[in-house]
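The block underneath contains the structure these notes are about, expressed in structure tokens.
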Amino acid sequence: MDLLETFLTAAVRVATPLLLAALGETIAERAGVINLGIEGAMLAGALGAALGATAGGPLLGVAAATAAGLCISLLFAVVAVRFRANQIITGTAVTLAAVGLTGAIYRDAYGAEGVGLSLPTLGILPVPGLSRIPVLGEALFAQSALTYAAYLLVACCWWLLYRTSWGLGLRAAGEAAEHARASGVAVARVRMIAVLIGGALAGLAGASLVLAQVGTFAEKMTAGRGFIAIAIVVLGGWHPVRVALAALFFGAAMALQFLFQSFLLGVPYQLFLMLPYLLTLLVLAGAWGRTRAPGDLGRS
Amino acid sequence: MPAALLTLTAIRKRYGSTEALKGADFSLARGEIHALLGENGAGKSTLMKIAFGLVQPDGGRILVDGAEVIIRNPLAARRLGIGMVHQHFTDIPVFTVAENIALAAGWPPSGRGLRDRVRRLAEEAGLPLDPDALAGELSAGLRQRLEVLKALAGHARILLLDEPTSVLPPSEADTFLGLVQRLRDRGVATVLITHKLQEALAVADRITVLRAGEVIQTGAAQSERPETLATAMLGTAPARPAPRIRAAVGEVVINARDLAIPGAAGGGTGIRNASFQVRAGEVVGLAAVEGNGQRELLRALAGLARPARGTIQVTGPVSFIPEDRTSEGQIGELSLTENLVLSQGRAAPWAQHGWLDWPAAGRRAGELLERFDIRAPGPDVAAERLSGGNQQRQIIANAMERRPRVLLAENPVRGLDLRATAEVYDRLRRAAAEGAAVLVHLPDLDDLLDVADRILVLAAGELIPMPEGAGRDLIGRTMLGTRGQAAAG
Amino acid sequence: TKDNQTSEFRVGLVTPGSIADAAWNSGAFAGLQQIRDSLGVAVSHVEARTPAEQEEALRTYAAQGYSLVFGHGFEFQGSAERVSQQFPATIFVVTSGERVARNVSPLIFRLHEASYLAGMVAGGMSRTGTIAFVGGIELPPIKLAEDAWVAGARRMNPAIVPRSTYLNTFDDVAAGREAALALLQAGADMFHHNADQAALGTFQAVKESPAAFIFGANLDQSSLAPERVLGSAVIDLPRAFLTVAREAKAGGFVPKVESFGLRSGVIRYDPNPALLATVPAPLQAAVSAARDSIIAADTGATAARPAQ
Amino acid sequence: MPQDPQLRSHGHALRTPLLALGIGLAVLVLGLATAGYPPLPALAALWRGALGSPDAILSALLPRAIPLILIGLGIGLAFRAGAFNIGAEGQFYAGAIAATWVGLALGTWPRLVAVPTVLLAGFAAGLAWAAVPALLRVRFGVLEVISTLLLNFVAEALVSWMVLGPLQESKHTYPQSDPLPWAARLPQFPGSRLHLGLLVALCLALALWLFGRRTLAGFQLRAVGLSPAAARVMGGVRPERFFAAALLVSGAFAGLAGASEVSGTTFALFQNLSPGFGFTGIAVALLARLHPLGIVATGLLFAGLEAGAGAMQRDAGVPAVAVYVVEAVVILTIVLADPAARRAGAAATDPASR
């Protein structure tokens, strides 16, 4: 494998959890709900994946992760949508709760001082034929099953948002809740479901970190990916396909950071750490910047 | 009398200290057009919102087809076959026309079918509209068409129309009312709220008058005359129209030369070429079919848009009354006092050196409530709590308060009842008499001829001054122009 | 009287991070529990992430009359000195600290001595001639460990090419893996780390690659990848903590630089017995000789910080 | 009857969080008991840590509250104008870096001049850091919600580089700066960790309150936040100016918080100076419904909660992870218990560009 292939493969791999979480957040935000709790849902998903995989292998891990993400976002949905509490505060608190709960459950299950869990992982599943395509084949088609699931979910999200009545109502609820209501959309219910879908996808993102990448769990291991996913949603202009591209862009910038550190010596590493964010700002200042948020985003 | 399709009995609704409805009874028969009249703030919209599930009543009963129902939300209303055109636009601005209609009708949002379906609907209704235009970029008149199409798309048996014609020019209003009559023939029952008595008398089968939350009378339309209706609405005989004031014309206050202004993104021609002057003491009418550049022209004069070419000279305080009151004319969350303070800026007596004297502003806002006959519990109430017409009065009051040298008004009587409309016309004339240059656009040419001293016609982006005393026919023909039809549709 | 004494002598621990990190902080917590169990004294722990919280925590322990307070990291040095002036009756121990004050005592772990030995093994065993180090944040003890690891490898193979990546986090396991994957691409086949839990990802990457090996840090980490961990540079934190606490409880504690190296037994290079056979005997002998000479050169507990 | 929930009654703004706190504590007792920790000792520790003694108040509660109040005030101002600044974390670090840099150079200056200079440096640096998103928004239409977030990560890397590079202490060993000279340090209340930054924060809260309540500009700023279109058409103001100014000032307040933290609490630059002040600051501002005096109250509330949380670990053996849950429960209960706070900032947290 040459360097370019390594880089592209790493980009897609790094992008996968970001993409999954960002897709879920796209759905929630299109419905008008900004959910800062997805960082917590992702973390819950990671722990769910670890517990599930310990108990019954990677597939159970994926299922448990999805369920855990769902549970955490149910808490968010009840407080922020059902009771219409402020979404930002609620999301912050839900993430805090998830950090605490996952830590407590992890310590309870594996011991107070932590262990280096070693879990069965999903492994790489090359698509016959396609993975042989020069340059891009390896990057796109020699990944874990969860990466392929993410591709599929991009299409699903697009179809849901733009090709179904329910998606139309969802977007209306995000643009102008009162008007949507006057047009017969059950705003609260739609938002609730959107948040839950977002939570399930964030859980899946946690699963991909644990089961497709590191094969272990650690406290706070999501390390802010939920917030980066939110940035990706904005960068992608709240459109699933562009969100996918934005996630790939971010994945690429992060992968580049590690390659630079490994190959370029003598440059302060902090400069590389800034790289993904500075690149994104540059892209935003260029043609991609003029995005428009859903009109009623964040209004509970 | 045919069986009642929708019956509202003893409906009560209270907003804080305001009793919007005090036990109102209303019934809509199968296949009738039932006009609902009343002054601004009488409770018409509230009654209809209750029938549509947007507002829950404090008391009373609702019957549909003789069976008692609870209408918890608009979805429930839709299921019962009720459609509504709201007094304010309720579209999703970033959706296309087709998407907005699909949303309201529960149609799937895309696929080849939708566009054709929408086109067919628009043609059948006689309200052509581009399915791919963005709702937010439509002019007010076209947005109103969209509202109507949304209500029609659901195949409602009961149509609640809250001032559907208030922003439509007379020709379109006629088309629309013809449509309502055709729908009646197909068995659709309609409630028509309007402030235009002629409309009600022309198309309605029955007329109900609401005053201060109570039904004053209901009866067959044939037995009514405008005077009796007006008396019922007001509680007293209507005052005679004030004599028309004619002021001496002074120096040039607006001087525009070789203007070109790009049209709004959603269509409309913009201004290609306009040169004109308005002098102090004149009321100049801007006659134009929707989308012919009047919006752009008024905004450029108000300093809100920059012309692509040409010069504008405007002297002295400018007041601009925008067409869409909810998004630009006021801030609904703010109180009347706060809206007043915002509209007056630094020049106001309560804003000495940038420090605010709220009590002084509040007192002034209270005075304006009296002077402009704004029905509100007090100046501290949020503007959004007022009825539509009272919101409009408040906006006009604030605009006048600046003692403008230049008064630009875009359909300032939108949603006003008869008396208030007459008052506004009178105020425009009096402002001119006190030395202002007034430039006003109204969709109704007759009204415009009534209020204006002379007329400027905008057609296809060109400005054509009319000779003094030009007749209705000449102006109407010029508006439609040889050079191009309206961009609308 | 014994009861009286135990109720008076209380030990507090402030960690800069989670005690479930299976490394730096969990070792300290284990040490605290050992103090409680072995000495029968009351103990207390608090996690404090920022300098402000850390000073507040030290101060609160002192104000509550704790006799011995551990600040677990170099970052406690400044705040311990400030607080100690107001609370002379409390002994403050700063792990990886720098200076002695009247009642402030630094505890220095010369983990780099063990990392040096690990580096020797890596240098001797590397086939590609490239070795890699994954660091959390570039803290002094971590940088020292990296430098020693490189020096050890150079000793066995002067042409060795060292690579390193800093993650700027100790939490992000996935970053630990990505860094290792990039380093593998750069040709590295021997890994060492000092990134606490983030290094779990590095272990995973090494496990997945056909021919790479890794050396653990802080704890004996052979169990994380029994086939791939050649050895670990170990700090026996409980043993060190207990040593200090016992002395302090006995009443004879004189603040001094407590420095632990290979000689003390607190720092060790523990080879993975399962893989010992793969390490050539001459290399093993060289490592033993190096360890002995380091121990021989160590003059005692009051050794100053190693030269920077 | 209908009242503007945001401004009218200050008593109310202060009362509801206290009421909510009571309900939160009740939920807390249940939670602790379920998790197997005796609730009473834990609650007693919470109380002791936050308010239990003069020392707790002066050395734990109040010093913690200072950065939260300063940052909350700035965020409150920005949100009011509709500027969704979630970059206070980065602006805080920018201020801390500048304050350290300037402070280290001022050893020979008289304290009366040096300290204000240091604070001013932080203020200016926070302002400059916020100028980037302001410019990006006004010139290129980049939503500030994303640019401020991204700049947080940049600032964190920057401070990490500073403490290992240009600002590293003179022996070049530790990732921290040299301690600030005495002249550059904010005076402390004798025998405690409380410093004069509190006074600065309180004065600014008062000033902001007056600004919002009594000045035309403050009122126009709020109008811009509620409806830029109406503020422009009807109010004749230029919304982008208010928007940008609010964003800049809010950055400056966060920068000032960074300077006050360095100059009053840690006396040196560290890379983990902030435990997430920028994000807690958002909650502080929203919970106070963006009201400046309310922000003082909610800042104290959060500071008390965190100081008390430390005590729960220390004195009641509740582990740190459980303490996170406790904090989350309290916050959630507060937002649920206070319907006005629920609506609060619903408009303000709207990052849409309208």
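Going in written order, the chains are labelled A, B, C and D, and every chain counts its residues from 1.
The rule we apply is simple: a contact is a pair of C-beta atoms (placed from the backbone, for glycine too) under 8 Å apart; a residue touches a chain by one contact, two chains touch by 3 or more.
Since we're looking at a predicted model, the values are computed, not measured.
Hopping across touching chains, the smallest step count from subunit B to subunit C is 2. Between the chains A-D lie more C-beta contact pairs than between any other two chains. Subunit A and subunit D have Cα centroids lying 28 Å from one another. One finds 46 Å separating the Cα centroids of subunit A and subunit B. Subunit A and subunit C, compared by their mean Cα positions, are separated by 34 Å. Distance between subunit B and subunit D, defined via averaged C-alpha coordinates, is recorded as 46 Å.
Chain contacts: subunit C has residues 18-20, 138, 168 touching two or more partner chains.
In subunit B, no residue touches at least two other chains.
Residue positions 156-157, 160, 164, 319-321, 347 of subunit D each touch two or more of the other chains.
Of all possible chain pairs, those that touch are A-B, A-C, A-D, B-D, C-D. Those residues of subunit D that touch subunit A in the shared complex are 35, 132, 136, 140-143, 145-147, 149-151, 153-154, 156-158, 160-161, 164-165, 279-280, 282-283, 286-287, 319-329, 331-332, 335-336, 341-347, 349-354.
Residue ranges on subunit B touching subunit D, taken from their complex, read 15-17, 302, 304, 320, 322, 327-331, 333-335, 338-339, 341-343, 345-346, 351, 354-356, 358, 377, 380-382, 385, 395, 398.
Within the complex, the subunit C residues that touch subunit D are 12, 16, 18-20, 44-53, 55-57, 59-61, 63-64, 74-75, 77-79, 86, 98, 137-140, 168, 308. Touching subunit B in their complex are the following residues of subunit A: 162-165, 167-169, 171-172, 175-176, 178-186, 292, 295. Across the complex, subunit A is touched by residues 18-22, 26, 29-30, 132, 138, 163-166, 168-169, 171-179, 181-183, 185-186, 197-198, 200-201, 203-204, 207, 221, 223-225 of subunit C.
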